[in-house]
Amino acid sequence: MIPLSYNVRSLVERRATTAAAVLGIALVVFVLSASLMLVAGVEKTLGGSGEPDRAIVLRKGSDNELSSGIEIGSVPIIAAAPGVRSGEGGGLVVGEIVVVAAMEKLGGAGMSNVLIRGVAESVFRFRPEVRFTRGRAPRPGTDEAAIGARIAGRFRGLEMDRTFELRKNRSATVVGIFEAGGSSFESEVWVDVETIRQAFRREGMVSSARVRLESPAAFEAFEEAVEQDKRLGLEAMREIAYFEKQSEGTATFIRVLGSGISFFFALGAVLGAMITMYAAVAHRQREIGTLRALGFPRGSILLSFLVESALVAVAGGALGSLGALGLGAVRFSMMNFDTWSEVVFSFTPTPQTLATALGVSIAMGLAGGFLPALQAARLRPVQAMRE
Amino acid sequence: MSLAGIAASDLMRRNRLRTALTLGGVAFGVLAFILIQTVISAWEIGVTTAAKDRTVTRHKVTFVMSLPKRYVEEIRRTPGVKQATWSTWFGGKNPLQEREFFMAIGVEPESWLDVYDEVGVAPEERSAWIADRQGALVGDVLAKKFGWKKGDTVKLTSNIFPGEWEYRIHAIYQPLRKSADRSMFVFDWDYLNQSVPERQREQVGWITSRVKTGTDPAALSKALDAKFEENEVQTLSQDEASFQRSFLGMMSAILGAMNVVSLVILGIMALILGNTVAMGVRERLREYAVLRAIGFRSSHVTRLVLGEAAALGAAGGLLGLAIAVPIVGGLGKFLEENMAAYFSVFRLDPGTAGLALAIAVGLGAAAGLIPARGASRLPVVEALRRVA
Amino acid sequence: MSEPIVRLRGVRKTFWRDREPVPVLDGLDLDVPEGSFEALMGPSGSGKTTLLNLIAGLDRPTEGSIEVAGQPIHQLPEGALARWRSETIGFVFQSYNLLPVLTAQQNVELPLLLRRLPRAERRKRAETALRIVGLEDRTQHFPRQLSGGQEQRVTIARAIVNDPKILVADEPTGNLDKGSTKDVLDLLARLNKELGKTILMVTHDPHAAERATIIRKLDKGQLA
């Protein structure tokens, strides 16, 4: 085996061209990692919004809360269905109204939609993961609002103690900012359900009803009971499945786009690595000839150059991954096309995104290094005698 | 024999493999750049080709909420409005292929065809569609995708309106302008209005007006919004380009990210070019010194290096373009036929092609700058002594 | 005297340049007795280096047979030939061919990596070889920190570290000044006398050739 230090020192010796190859691979890995991290962020935000022991009930045929509508009279029937965990005064249930409002984005980015959820006071018992970082919960029957931590400061008026217009001549004041475990609820505005009902004229209706189940296994019985009564026209879903469906499209979209772009970039970077490695082989013909003269077999020359280009690739992969990790603080807001409102995502690194980035970079190094390494291995030992 | 000739023969003869690899790298870069830019412009097509003489009025809060139908009459009476029509978003799905997204809207057929004059329908199909309250007008691409023919009875479900809805396809339209969405499903709003519960009746999604020649759409938009300012439901009117842009605004983060990403590919191209030129220069220092010794000036050497670098960029750019044209063509045909809801027009814009080529040449020259300086500044005697 | 350590019979070597055959060696016979120190001389292009390459197993003859240290090498497959070289031949090159990124010690140790030797043993042998060439105080230097003569002595240390029977040297003093030339030639002569290495040296320099026990002249592919 030709020692590794030979490769490392040779790379350092030709630092300019090594740096060019490393940077090329780093840029590809950066783009790939960023898109994978965004996919992970989308899945965590939307996927993390559901809990296994919760179910959501919508009007049959509507696949999201925004287009759904349920008679308010159905809510107690839902709460009484089998499998629903009981709370004070009946089953643990929340009926909520969901609307979207166009608001002005700060920073001159135009208008965008924000999801406004009309909630009852019981919501904070229903969703114990909600935690106020500032202020307090809105009081029932008032025009007070709580906003998710992720949209705070992104829209005009969505800041602590500021007011914004729910609709004309109907403003609401922000009295609290809450976190909800990184879920998409952190991109919502919560106002008392009665206030929303009046402001948006949703008399007698809610958008959805959510229940806490006795256990995740209780869902089947609950679903059967709720969907049995055809007159109600309801459809029950596990909350996790509901959000997963929303993240599916966006995640696939980013994944396809990101990996497609990375593929073409990778072709370029592989050629760049190939240029560097061919130059390394050309530059070191005499060294290679000498190694062969000394008795090193072809295989160990091939291996040595493959290792060398893998080193370049790993350096590039590490640099690119590091750069992508730097995106951790960046918030990326995107449309959730199921609710027509903006959800704020973060770039979330996971062991998988890192492993993929590293694996792809090594693959790029080997792809770029293989032909030059083959050429090196084919050099004849008489090269050592040439001047 | 000229300096350019020397540069060209250096590229062709000295290290053909390296030249080929560099050209390949630049070509892939150009291809990736063109693909990204084409995706972006395909999304922006709604803005760039929006009709200049149309205004869209929607609920002030959100387009998901509806407007009272009587607003249509009021808008039609407003001076400067040639014709107004309305549409209601149906949220339609083909129950047999639930995942395929397309735009299904309920409209008033006659006025809608007047306003949306990019939709081309044969006269007899047009009258057949207008005559049947349960009739449907379908884009050619959508019809092909679902295998629908004129005379078929089809069923849709909706994620907004409960139940199954039955339609008879009477007409299939062709686009008269390239901006036309070829995957719409258009039916009579009356059918919808009659079937929904009492309290949802006489509601429309958005109202589109055609403006008379000489009227400023922006001014008209303001006038329309002012008209409804005191009503219970206020409106937001925008010219069609702004209306489209507000949809794009939702994707602005992705568009921004893609623009950043297309800068990254330029970085990769610059690295490849710079690396190649630097290597070539390092190997040739003695030759440059010989040129200097026989009387060429250092500016000649600079030009020689820069010219070579730019030529390399240009050749790579042309190669990339040559690959991009058939790829974008093939991909575009596929996307326009299968994913028309997302990419109604996916074509290579000559401007994008020109930009990509210019960038390749520019990057080549820029990548040559540092090596060129090094080569031209090296003292002749030292370069002659140095073993390349 | 015993069997010759190098035996060439009817060796022909033809190169192809622009599709034209260029005969370099033309039916050459040669016997080199074991333990001799031979100098090969001749004008440029006479085939000296080609001959040396063939004997060292770096290249193959177009025709003819080559037997070195009892092994017919003209028919050895590539991998076996490489192993044979590492065991039988020590190389001394005109421009040293040390790996610039490795220290003197690492360069000398390089051939030992082809054997299953413990790390400490490799180190010890490399140090011994460097001591023999008188460079025990330069072990951690990189080639570019050494003078030409020192570099060549490191090369010689690398050549003997595997204890080969034969040393081949192609213009070993070609790049050296007078003083270093003498040092290197003294060293080679010592290795020949004290360790019994057979040495084949190609050289232009008549003074260098005088140090050899046998001088052979090659001209137009034939031994004079």
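Note that the chains take the letters A, B and C in the order they are written out, and that residue 1 is the start of every chain.
Note that a residue touches a chain if its C-beta (ideal position, glycine included) is under 8 Å from a C-beta of that chain, and two chains touch if they have at least 3 such contacts.
Predicted, not measured: the structure shown is a model, and the values here were computed from it.
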With centres defined as CA means, the chain nearest the overall centre is A
Counting C-beta pairs in contact, which comes out ahead: A-B or A-C? A-B
Please identify which chain has its centre, taken as the mean of its CA atoms, farthest from the centre of subunit C. B
Using the average of all C-alpha atoms in each chain as its centre, how far is it in Å between subunit B and subunit C? 68
Taking the mean of the CA coordinates per chain, how far is subunit A from subunit C in Å? 64
Centroid from C-alpha atoms only, then distance subunit A to subunit B, rounded to Å. What do you get? 25
Multi-chain contacts only, two chains or more: what residues does subunit C have there? none
Using the touch rule from the top, collect the residues of subunit A that touch subunit B in their complex. 16-17, 20-21, 23-24, 27-28, 30-31, 34, 59-64, 66-67, 99-102, 109-113, 167-168, 200, 233, 254, 257, 261, 264-265, 267-269, 271-272, 274-276, 278-279, 282, 332-335, 340, 342
Touching subunit C in the complex: which residues of subunit A? 1-3, 5-6, 9-10, 12-13, 286-287, 289-298, 380-382, 384-385, 387
Contact residues on subunit C for subunit A in the complex? 49, 52-53, 56, 58-59, 78-79, 82-87, 91, 93-95, 97, 99-102, 106, 110-111, 113-114, 158, 170
Okay, in this complex, where on subunit B does subunit A touch? 15, 17-18, 21-22, 24-26, 28-29, 31-32, 35-36, 39, 60-65, 91, 157-160, 162-163, 234, 236, 245-246, 249-254, 257-258, 261, 264-265, 267-269, 271-272, 274-276, 278-279
